[in-house]
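Chain naming follows the written order as A, B and C, and within any one chain the residues start at number 1.
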Amino acid sequence: MTAQTIPAADQAVAPPVIELANAARWYGNVVAVNDVSFSLGAGVTGLLGPNGAGKTTLLHMLAGFLAPSAGTVHVLGRSPHRDPSVYRQIGLVPERESAYAFLTGYEYVRFNARLQGMRNADSAARAAIERVGLEDAADRAIGTYSKGMRQRAKVAGALVHDPQVLLLDEPFNGMDPRQRLSMMDLLGEMAAAGRTILFSSHILEEVERIGTEILVLVSGRLAASGDFRAIRALMTDRPHSITIRSSDDRRLATTLMADPAVFAVELKENALSVQTAHLSAFRRIIAVAGRTAGVRLMEVVPADESLESVFDYLVRR
Amino acid sequence: MTGPLVAFPEIVRLTLRQQLGRRRTLLLVLLAALPPLLALVYRAFGEVDVSGFTDSVFEPVSLTIVLPLATVLFGTGAFGAENDEGTILYLLAKPISRWVIVAAKAFAAVALSLVLTVASVLVAGAIEVVPAGSDGVSATEAYVGAMVVGSLCYVTLFLTLSLFTRRALVLGIGYSLVWEGALSSLLPGIANLSVRQYALGAADSFYQLHTEAARLSPTTALTLSAILIVVALALATWRLMRFELSGSTD
Amino acid sequence: MSAGNRLTASSPAGSIYDLGYRHYEGKRHGRWYAAWSLYVESLRGVWGFGRPMSAKAAPFILAGLYSFFAFLQLAFSSTLASEISSGQQVQLFAYDSYFTTFSLLLVLFCVAQAPEVVCRDQRYQVLSLYFTRAIGRADYALARVASLSTALFLALIVPMIALFVGDVLMKPDTISAIGDELPKALPAIPADLLIAASMASISLALSSYSPRRAYSAIGLIAYFLLMEAVPAIIYAVANHGGWSSADKLVLLTPITSLTGATDWFFGKALTSDYPATLGPAAYVLACLVSVGVFSAILLFRYRRIAA
């Protein structure tokens, strides 16, 4: 596989690496995944959702361990279910299952490399170990590792064969902040090299940091997909909230109230909180308002553009 | 897809390491050491008695206790840890044919079981019956043959069973004790479905056994064993192909 | 209960409010209640209650099979009765030989369920939750062994009751039949108590040494099978070689010594394969000693286990 950076604009041209069409999965009366459709190309995508939303079920379907009850699941153009050959191109990091405790980190990664049919299993294993930062502990049994180290060993085992697709279920569980940052950098590098990476999480700061593409699953349904800022902009039935610090909040408040783009203004301790339904219109008028009121604007911050508020809104809908 | 020649030895190596955990091996070695110890007791009392030893030790202890217990442990243990802890994912998420995985696991478990049970019979035989002459040699050969056939059959049977139920161990023990033991004496037809009878049938070709013993001719026994092994491995492969994970906590 | 703004503590800088959570200041049950609760929960667990349906399969099937033949005899009591009265010889199951015939099923019961009783807590390392409460280490062990003993006793006594009912129904006059049969059946009670205590203490003592059910089960069945077979073999060889006192070895066997003990309770001569140089009383003694020894092993295990 040649490593290329595929710019977002060209994604429409290259065939999607992962493609779901109306995929659903149910167990008796319980619908775990309900009519989900999306397609992914190169890059990192975060799969978000509350517990019980169906994230693990979805990942298992992508990994070929569950057949969809309806719809289709395609990875690299074919269904991964009951097709072991597809695993050459997929790396899977499951959530719960721990790696063999009696093997050393290096042996475990090399085992994975050999089972993937790699000729240079030894050097590939060493390289993978280095990439996740486990060189120091590579010759100790995995049973002696801390939780974060075990996670990293699992990741090393999943990427040793340089797969096109990497599926990770809550990969940052148990990692300390520094480990998390380096793991995020690693995933970012791989994505930049043209890999398709999908990871599930419910720690929003992680997702915000790595990539902007998200898929939000709520009760088995896909509630939103795409760039979370774009999603926020689409949430027009909820007013945007902006926090402003200025030299004279009260004067600014009165001027802003006069403008039709603004529908609520709240005076807080040291700031002004403005609610507007039309963010773009507001952007145009705020500077003018400041000049009209003769007030100096020191800080204008969108208060709820965070992923957290987007998520919150989508989950409660 | 990774070729079987690469994947097979790798999985065998892993399984061997998994199974040879310290405490477990020690206890099984103690178990296998029992027939030789009994042989020593016999010699201590000056007995070199081929038919007596065969009837009292080889059959009731080696065949009826050591073989089933060793094979149940190794057979259910082949996929045991992976079943319990879910690490079976790591084997299945690889571009390897399912039959290779099953074959490798079975091979490792059979090998372990064979080494243990055959060594046990050989040492016991060497101590007790071989000094009695060619009769003793035949008896030992017979029971080595029984251990071989028994290991192959029991291990593949229990391995497959462990892929279908969580209580494979208890079922295996129950099968061996109740089905093959108690019921078999009540209902003669059961001999056709009893691994112990296959083993005895195979042994019979070497040495004429005295007890209630072999009800199947050697040919029948070996044919039925071969059928059992093939069917068991095929079922295990089929099961792995249809393996599905639940959605776990999420 | 209203939270109000009751203060529990206050200083100029801050206050803590009483949210109205109730403190429990009443009487607390002590150690006996805790032990009793554990005993009941454990007994239910042996039979699979409080667990998924599949957990009920093994105990009920095995105990059911054990009782099956007694119920079979009960069901056919009218047919059998007419055969007896017409003078035919009919082979019946009797109180004193029932356990001897079907003991294998109860051994399997122990092998299946004893690991369930003691392995789970060790596997998930929750023992510290028990030992830091009113219940102590010894109480824990005793409650567990009492529960398995009770379960085994129930499994043992049900077929006895079935046989009793069957035997009474086979006779024409019910009241005198009860008077006849009761003395024959009553020894079953202390005999079954001894059997239950003995098998339970052996099973739990051995099972408690491994947190994994598989190894406990294997170890247990190996013990039962080998400790029956090996003494017999050594006895046969030794006897043949002139060492007649080797028959004392029978006292080491778990099941044969129990069948010998039941002979003593029923006042019969010894029916075992071993020679009668040891009277049945010796068997009873051996069984009582084994209950003591294995209970001690169990207590020792739980005193020393890291929690």
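Heads up, the rule we're going with is that a contact is a pair of C-beta atoms (placed from the backbone, for glycine too) under 8 Å apart; a residue touches a chain by one contact, two chains touch by 3 or more.
None of the values given here were measured: they were computed from a predicted structure.
Interface comparison, A-B against B-C: more C-beta pairs in contact at A-B.
Chain centroids computed from C-alpha atoms place B closest to the centre of all protein C-alpha atoms shown.
Spacing of chain A relative to chain C, judged by their CA centroids, is 55 angstrom.
Separation between the centroids of chain A and chain B, computed from CA atoms only, is 49 Å. Computed centre separation for the pair chain B/chain C is 31 angstrom, with centres defined by C-alpha atoms.
Looking at the complex, you find that chain A touches chain B at residues 25, 27, 32, 51-57, 60, 63-67, 82, 84-88, 90, 92, 94-100, 102-103, 111-112, 114-117, 157. Residues 23-24, 27, 31, 34, 38, 41-42, 45-47, 56-57, 60-61, 64-65, 69, 72-73, 76-77, 80, 166-167, 169-170, 173-174, 177-178, 181-182 of chain B are the ones touching chain C in the complex.
For chain C in complex with chain B, the touching residues are 54, 57-58, 104-105, 108, 111-112, 213-215, 217-219, 221-222, 225-226, 229-230, 233-234, 236-238, 240-243.
In the complex of the two chains, the chain B residues touching chain A come out as 1-3, 6-7, 10-11, 14, 17-18, 21, 85-87, 89-98, 241-250.
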